[in-house]
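By written order: A, B and C. Residues from 1 in each chain.
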Amino acid sequence: MKTLKKLSWKNILIILVGLFVLIYPLVGANSYIKHLFILFFIWSVVAASGNLLNGYAGINSLGNIGFMAIGGYVSGILAKSLGISPWISIIIGGIVTCILVTIFLGLPALRLSGIYIALLTLIFADTLPSILTLTREITGGAMGLHEIPGFLPNMEKIHAYYICFVFFLIAMLIIYRTIHSRTGLAFMALRDSENFATTLGVNRFNERLKVFAISYFLTGLAGGFYVHSLGDISPSTLGIEPFLLGIAMIELGGIGTFAGPILGAAVIVFGGEFLRLAGTLRLSLLGLLICVIILFFPGGIMQLLSQSESFIRKQIKKRKPVEKVQPT
Amino acid sequence: MNSFLNAIISGLISGSLYAATALGLTIIYGVSRVFNFAHGIVAVMGAYLAWTLLSSGGQLNLLLGIVVSLGVMYIFGTLVYRFTINPLMKKPGWDISTVLFLLGGGILLENVLLQIYGPRIKSIPVLVDGSIKFGPIVIQWNDLLLIVIAVFGIVVLNMFFKHTRMGQAMRSTAQSMPGAKVVGIDIEKIFGLTFGLAFAVTGFSGVLLSTKYFLNPHIGWEWMVKGFVIVSFGGLGSTNGAIFPGLILGIVEALVTLYLGAMWVWPIWFAIFLIVLLIRPQGILGGRV
Amino acid sequence: MVNSGEVVALFGPNGHGKSTLLKTISGLHQASAGSIKFNGLEISSLPSHKIVEMGIAYIPEERHLFRDMTVMENLKMGAYNRRARPSTQQNLAFVLEVFPRLVERKDQLTSTLSGGESRMVAVARGLMSEPTLLMVDEPSIGLSPGMRHAVFDSITKINREKKITILIVEQEIRNALKLANRIYMLKKGHILFERSATEVNVEEIEKAYF
């Protein structure tokens, strides 16, 4: 088989981890761990979509967490108040997020340069809590939405686990295919050298629109999966902490890489325990983490990994020649 | 009608304070093209420094507190530039890495301040008591004083930029960085100065805002976002361009609060921001320092 | 290599490194390899402001004037470096003599000037820094023939009266040849040949472009 030749240690690792994730709940993981995994799946998608925008397409969208909340709220409201099946409402949530954000943020962003996009998304995310309070009859205001129906009647954590896992896989597949498609090449070209790319015929407007659409659709979907798996959502989901966490995941993992956001989400979600222990120092640690990463490890974990990999390879090479230089 | 007029006056006052807050932001951006996402925290920090000296007792200490605040913030600004922004600017993608770094750093500082000072609101006492009446309009003496101080500060800044060597160097760098290099300006030194100056000014505006409103570590965000909106309205890089938009936005905010309720303030700010960016991303007044 | 008091012209097709060379000498670009010596001192790793301090002034093709400042303010900024500051008044008088057009424009914003006039301001501003070496990048580009003559005459005057060494990059071969002592031909980032200005003619240079 051709594929066997390409099996590096990396691929083997990924397969093993995948199998682990698949089997783990069946061999008796506790509820809390399943909960963490669900969070991990969802956050990975949000981080990866954010990375698609920021890292691959070079569009500095900061408020992604807010968009996840839009998808979540829409889906939650539709399911709870109108009794629409979660499977459908999630998709509607995703589409609504996609359309809303593309209109309010995406289109203006097309005309603006980097910093304004960051500002726009930041202020938008800041405004959402007010909007939520204003529409409190529908959205539950500061109290939030509760008792949002799950995917199945009498759904248990383990069902949510697998459903989110599948969502995670599908979303990653979509992102992967996008990065490696013509569209992906197009917006990477736009990121690196916009003038050059446009002269080559890349349509800035179209390609950017596509990135926005895919990214925000997935983010909205993630929000939907979030509410139906966990049952609640409130404005605190939009707070400063999740906002920073979202940024930290992308930066920690390695911006502009495929595996980066996944790794980053894993570290933050599972390592979040330590953050909780720190209590009130939580946010300071987060801020410090972001500062340290940007100053000293701008490539995140992925950079560290590839640096260690080349370091190890050099060490191995150093030892080999000795065997060859044997007097005969 | 009364409440309308009072709202306008109130808006003018808060607007001029917001404009003062926006100055530091526009100075840094104008000269170095770095967007200070820690702007709010810098203002808050400056206010807390003044407050610390104040709470050791005595009215005179407020003046001392302000002086100390200005000095410390200036040094802090130059250090931040030298040790963090400068290295980041040498690598590609600095326009975003500085934003993220300042964001993270801002959060860090905010929580450090929270640890030191606690979440309860502090206030810096008014400098003068009492109010003056013009028919149906009531104006606090303190508010008038604040406007006078703010105006005075802006005038001093303008003079600095026009007549001092350092100020002219900053203006030149803002207008053309290659041009500044070509005439022999030490860009890194000027950037350091810029950050120092901007931090001092911002800290000072924080003190002013704290005499009128309240002070706690989290209020920085609100001040900062309003500063963002004002600065895009007036054109990034234009110190005088922040004044007029600041006043207008202050009035709009006061009127919105009066007639629609406080909850509408944020969405309206966002909507204004969006509209301005759509129509003229370089700001209504366009412009330079 | 450029000797004191000379006028050296650099010719070569576009994009082949002439501007980059000047920018690297002036400190606007960092050299990745090699060495640059000025008066025997190695300057390739110095920042731009130190290079101005040492007496090298660079007039970029894009001019890079301070657009919201007046002509006078631009000129005064030209004397920013420590060495040049004491002689600001004298230098002002000199540059206004070399470029009389600027006298009537001195309080106008540079954004309102014509192409030729802003080119003059750029050169004048460079002179204000009291350079011993003046590097000018395509001074005559985009100018009318009358303006071009004025600019070249000014350069000659600067060289003669102030004994300032000039390194000029030009596409206008004929005129540049008239004021140069020596010329270098640059192609693909390398020196193709070097000649004394009297030994070579326009056709030969033009041929070398292709």
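Here, a residue touches a chain if its C-beta (ideal position, glycine included) is under 8 Å from a C-beta of that chain, and two chains touch if they have at least 3 such contacts.
What you see is a predicted model, and the numbers here were worked out from it, not measured in a lab.
When every chain is reduced to the mean of its CA atoms, the largest separation from chain C belongs to A. Central chain (C-alpha centroid nearest the global protein C-alpha centroid): B. Highest C-beta contact pair count among chain pairs: A-B.
The distance from the centre of chain B to the centre of chain C, each centre being the mean of the chain's C-alpha atoms, comes to 42 Å.
With each centre defined as the average position of its C-alpha atoms, the distance from chain A to chain C rounds to 53 Å. Centroid to centroid, with C-alpha atoms defining each point, chain A and chain B lie 34 Å apart. Interface of chain A with chain B (complex): residues 54, 60, 104, 108, 111-116, 118-120, 122-124, 126-127, 129-131, 133-134, 240, 244, 247, 251, 280-281, 283-284, 286-291, 294-295, 298. Considering their complex, residues 35, 84, 87-88, 91, 95-97, 99-101, 103-112, 114-115, 221, 225, 228-229, 232, 263-267, 269-270, 273-274, 277-278, 281 of chain B touch chain A. Within the complex, the chain C residues that touch chain B are 26-28, 47-49, 52-53, 57-60, 62-69, 73, 77-78, 80-81, 125-126, 128-129. The touching residues of chain B, when paired with chain C in their complex, are 165, 168-169, 171-172, 175-176, 178-179, 181-188, 287-288.
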